[in-house]
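Shared chain: subunit A. Partners: subunit B in the first complex, subunit C in the second.
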Partner chain A sequence: MRKLNITKILTVVCLVGFMAFLPAAGAEEYEYIDISNPFLRKIPTAIPRFKNMSENKKGEVLSVKLADSLSKTLAFTGYFKMLDRGAFLADPRNPDITAARINFRNWTVIGSELLLTGGVAADDDYIELELRMFDTFQEKMIIGKRYKGRESNLRQIIQRFCGEVMFHLTGTRGVFNSRVAFVNAEGGVKEIFISEFDGYNPRQFTTDNDLSLFPAWSSDAKWLAYTSYARGKPDLYIMNIKEKNGAVVTRKGILITPAWVPGKFELAATLSFSGDQEIYLLTGRGKIIKRLTTSRGIDVEPTWSPDGKKMAFVSKRSGTPQIYIKNVVSDRVRRLTFEGRYNTQPNWSPRGHSIVFSTMQLGRIDIYTIGVDGKDLRRLTEDQGDNEAPSWSPDGSLIVFSSNREGISKIYVMTAFGTDQRRLISLPGAQTSPKWSPNITNQ
Partner chain B sequence: MRKKLWIYLALLVVIPGLIFTVSCAKKVTQAEPSAEETAVEPEVDTAARIAEEQAAQEEAAQQWEMAVEEDIEEQRQAEDAAKEAEMQQDMAAAKQMFENEDIYFDFDSSALEMMATEVLKRKADWLFETADASIIIEGHCDARGTEAYNIALGDRRAESAKAFLVDIGVDESRLTSISYGEERPVDPVANAEAWAKNRRVHFVIE
Partner chain C sequence: MIKRNRQHGSSKRSSRAVLVIEMAHERRLIYWAFGISLICHLVFFGAFLVAQKHKPRKFPRQSVINVSLVATPSQAAHSSPVSKKTAPASKAKISKKKETRKKTVKIAPKPEKKTPVVSTSGKPKVSLKKKTFKASKVKKSALKDIEKKVEKTSSERRTSALDRLKTKVEAQEVEKRSEPKATQAQPSSNRAGDGSGQGGRVGELIDIYRIEIAYQIQKNWAFPEQLAGGRRDLQTMLVFKIMPNGEIRDLFFTDRSGNTHFDESAFRAIMKANPVDPHPAAIIRPYVQMGLRFTPEGVK
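Right after this comes the complex of A and B.
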């Protein structure tokens, strides 16, 4: 409900593009960042403190706070190198925020390629924000937006503008409307929690006081499937996130590792009622549509290609756990991983071209990516404890995973190329099995 | 000769008389209480005492016999109780052994080792003797490897044990399997010894 109100405020009251110049979507906008480039170059970016346009104390405080928040939110993507405000040549107390007044040379000489400016006007109830992004070398504005909202909407307003920035630089709106589900362990009990994309505001989702494992988001981000031992054995729970109701699927044996088919109210999961661990396709109500694997031995951890036509999964059919890809249209299966003797936890990139997974070697677990064609195997973590359970961000630019590098297992995030590894969640217990949601649009 | 004959006659009369006197003492006393009363009196006393003594002895003997009988019964009951206790102890021990004795596996394996099959045969024996018992077969893994794969592996381990028991004749309806993967280690330490202890199938009586 709260989210709905915010969306209404944002769409009805505030979101007013006020500059005439808004470049049409075209290929040349994306040349700032190519996220398929492994040799990622961060864009040197300057974000001076905002201009206080209301000239009151509240505006003064917000002019720093919001500039910091914008800087931090954009930096989360790993694409920007935020320049130190101490090195800025322009007067920090009276920043120029419009193209007509900015001396771009002040920014190019310190190496800043992008300049983001803000103006803030605050009264007792509402806050108005003007946010702009400039290309300092071309001396032109790329984005200009005005927002109006209450103080409680500010985080969302900043995220919305960051989405615009990312859209103009990469062609996708980034991760700012996404969330991360994960398992939190405390005292032998495992519950599923959900936080915002940056780890902010983690909230407990399950309250079974038992073992809840393997959260999986539906592609509209409205449903969460997971395994829970609440009824004494590993059953499959398919829950509507908002209503907190749905189906409990229980059968003989295990029901684990659900994975939703993109764009459908269907999911794959491993069931062992036949005495063998096989992957089945189920309806969102838990009814079996068909069996997807047929080999004797463990078949587990399905993950879907973005078009829903292929499914990667883990199978022990060759003697060790390896990753396979099944084309569910032609029924053909091929083996994807050949290096190592323990490859599990595959997760298919929403960009389609690669699969992230974990390998255990000499007792240590690390994260790799591999092209869907089996080429281009890349190691992303090394010498930092065990690194497990990788999951792509909805734009395919970041990977969330768990690691025991600091002792007990915690949730971390890194770029698709393994750079910028940092802790995401600060909760006291142990955290495992993170799953990044799709971008959430209508909530 | 006449003299001798007389003596014989006298003897013939006197001896049976004497015999008669002794054997029918009471009758004599009752018939002629006057002269012989004092002399006969002790004789009566003795006979009664003997009878009394006899009766007492008989009674004592009987009581002793009863006592003995009772003792034997008590002893038998005690023995039975002891036997019962022993049996119960044996049963409890067998039950405890049943629940305490796990079977173990190699890393990433659900194949039954020789040792495991010996243990499983004992489990089957107990299940045959304890016809009313149902059991839960728990599959577990060590902490190495990844979570989901380990739940699948634990499931296979439990299924291996179950299949073996069914093969040697245990009714499948008495056996339930459940996998905990790596979620419930007996020893949470990260070393080879602990890992070996955790790669197990554990049996619980329902």
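Right after this comes the complex of A and C.
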């Protein structure tokens, strides 16, 4: 028995030795050429017009309208390059929408990597939608969903499907359930408005007929804190968005730049009752929990890390306004920005790794991002007027900001890399201080 | 009790004896095994050393490729995107980025725009409505135009590039031949020179062909930087064969990054480029094997 064992073990060891060596020798055979630059930084995607399955006029209209809406909503994310329908080889009159019927070669040959198809059946009351996403090269369906709703739900349906698409690609549902709050200045008053993530349907939130500034969303997107002059001086208002009630915090001096602690009914804000602008931690009802900064010189504009353990803020303690990070657990403070003499308006990415802020240089204000470790400083805007007040989208892929590139200040959006800059909101008057909400789950 | 003990003792002794014999047997076995493993080891390391010897030959050849590619200015646009630092994207966006990027970026958009400009130039502007109205007609004529142009330009480009390379390689060969003559024994060096010269020429052509194909594939690579999830250490490696007619076969991964979107984007890039340019006439091989390493270095 033993003999056998030993010989067996030895042979096995030898064989394993050989085997371990063989693939390594095999790998040596290939020489690799490096490719390190994607030619296109978006996914080429085709969305043909939807198939009208009800064969009535309403379905006909919707089949184009909904395809356009899907295309526009997805393109907003900056991940997709929508291919021109004029280049499609498939018959536009009678689109194939199921994997069994689609000739994928028609799509791969025009370079489309993703194909989204839809079928719409409309009667007088309800509309049924079948939406699918295909990988054209693997010739398989990735997502398939059926929705039913009234015409007023269609926007929501499209957004929900887009959420599915984004979830497949990124693991998060994107920005489709989020909103943007901003300050709209018109006729000498500044009111806070709220629009949907893509600038659609802006509605007035405050009606004080005075100055309302610095909107800030709570992390459950149910509360909005802001500064208002409604009582003659800058007080802090903490309002429930749905019920439009809440607390007004009033003290000597100013109360500005609120920022909610993620996951808590607490917020940080700058109060100046001590004579110096310092950051305090308040409850959602407006009671002071503790003072967070104690240096001489102003400390303003707090923004929280996603875990709520760190807070970035602007301080003038070194002479010029710079961004600092305070660990509220250990109470340690470190300076984040060293380049430039005027760095303000920090906003911590919901992904946690970087902070976007604005810098004034030679009289121009531009937006930069910096890693939380102080490395990897990147400029996102350049030669396009002044660009201020950046705020991350809830998935950390987009940044909303205000810019006066077209004259008066308007709200714009860009990707986290500074690409795809476009205007978000078209309202008369000037818009400033945008703040992107977290994704709204149950409203 | 005593008896039993004795018995026990004798049985112990006998079993000891058996043990000794067994051990001797085992020892012999162990020696055998050692011998075998020693031989195996020698074979391993011998093979390893031989493989190592081959390596340095490959590397200089690679560097030679790069040089000759740079010196192939058939079209500045054609050769430039192969350089590592080009970053395609729309011009407007790029201009906004850091100055440091500017330098590298400017070269890239040219080749992208070249073909459409060529194909549509000379045609009167047609309104978008018309364009879509008579889509089929327009498409046909546009395709014809493009085909003609592509055929012309690519074949011209290739032949001229190849000619230039041939002359260059020949010149290099002459240089090579003249150098060793001075130091080494004449007959052996001559023979070696001839052999490697021929092989090197075809090898170099293949390497140039490979780089051209790599460029064709890179042009088809689409990957949004956001999908890298902030990671820059992604790397995916694929190997495939190119048939003489340009068809890509036997495509497989030799290394994956762990990010499926990244891996798939690389896979699709190759599939989209398929079929690539056919082999140049000088390459007479059943297929050309080729490996590509995709990294998102350029992705910011």
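Here, the second predicted complex is superposed on the first by the 403 of 443 C-alpha atoms of A that agree within 3 Å, B and C clash if a C-alpha of one lies under 4 Å from a C-alpha of the other, contacts with A are read in each partner's own complex, and residues count from 1 in each chain.
The rule is simple: a residue touches a chain if its C-beta (ideal position, glycine included) is under 8 Å from a C-beta of that chain, and two chains touch if they have at least 3 such contacts.
Computed from a predicted structure; not experimentally measured.
Look at A:314: by the touch rule set out above, it reaches subunit B but stays clear of subunit C.
When the shared chain is aligned, no partner comes close enough to touch A:219: not subunit B, not subunit C.
Between subunit B and subunit C, it is C that contacts the larger number of residues in subunit A.
In the superposed model, A:206 makes contact with neither subunit B nor subunit C.
Within the superposed three-chain model, A:43 lies in touch with subunit C and out of touch with subunit B [touch as defined at top]. Contacts of A:417 after superposition on the shared chain: subunit C is touched, whereas subunit B is not.
Using the contact criterion defined above for the overlaid structures, shared-chain residue A:431 touches neither subunit B nor subunit C, since it reaches no partner. Applying the stated contact rule after C-alpha superposition, one finds that A:169 touches subunit C and leaves subunit B untouched.
Residue contacts after overlaying the shared chain place A:156 against neither subunit B nor subunit C.
In the superposition on chain A, no subunit A position is in contact with subunit B in one complex as well as with subunit C in the other. Residues of subunit A touching subunit C in their complex: 2-3, 6-7, 10, 13-14, 17-18, 21, 25, 27-28, 30-44, 78-79, 81, 86, 108, 111, 113, 135, 137-138, 169-170, 351, 353, 378-384, 397, 415-421. Put simply, subunit B touches subunit A in their complex at residues 108, 144-149, 151-153, 155-156, 159, 163, 177-179, 183. By the touch criterion stated above, subunit A contacts subunit B in their complex at residues 190, 211, 213-214, 227, 232-234, 253-254, 256-257, 270, 272, 275, 277, 298, 300-301, 314, 320-321, 342, 344-345, 358, 360, 363, 365, 388-389, 432-433.
By the touch criterion given at the top, residues 22, 25-26, 29-30, 33, 36-37, 40-41, 44, 47-48, 51, 55, 58, 62, 81, 84-89, 93, 95-98, 112, 131-132, 135, 210-211, 214, 217-227, 230, 237, 239, 254, 261, 264-269, 271-272, 289-300 of subunit C touch subunit A in their complex.
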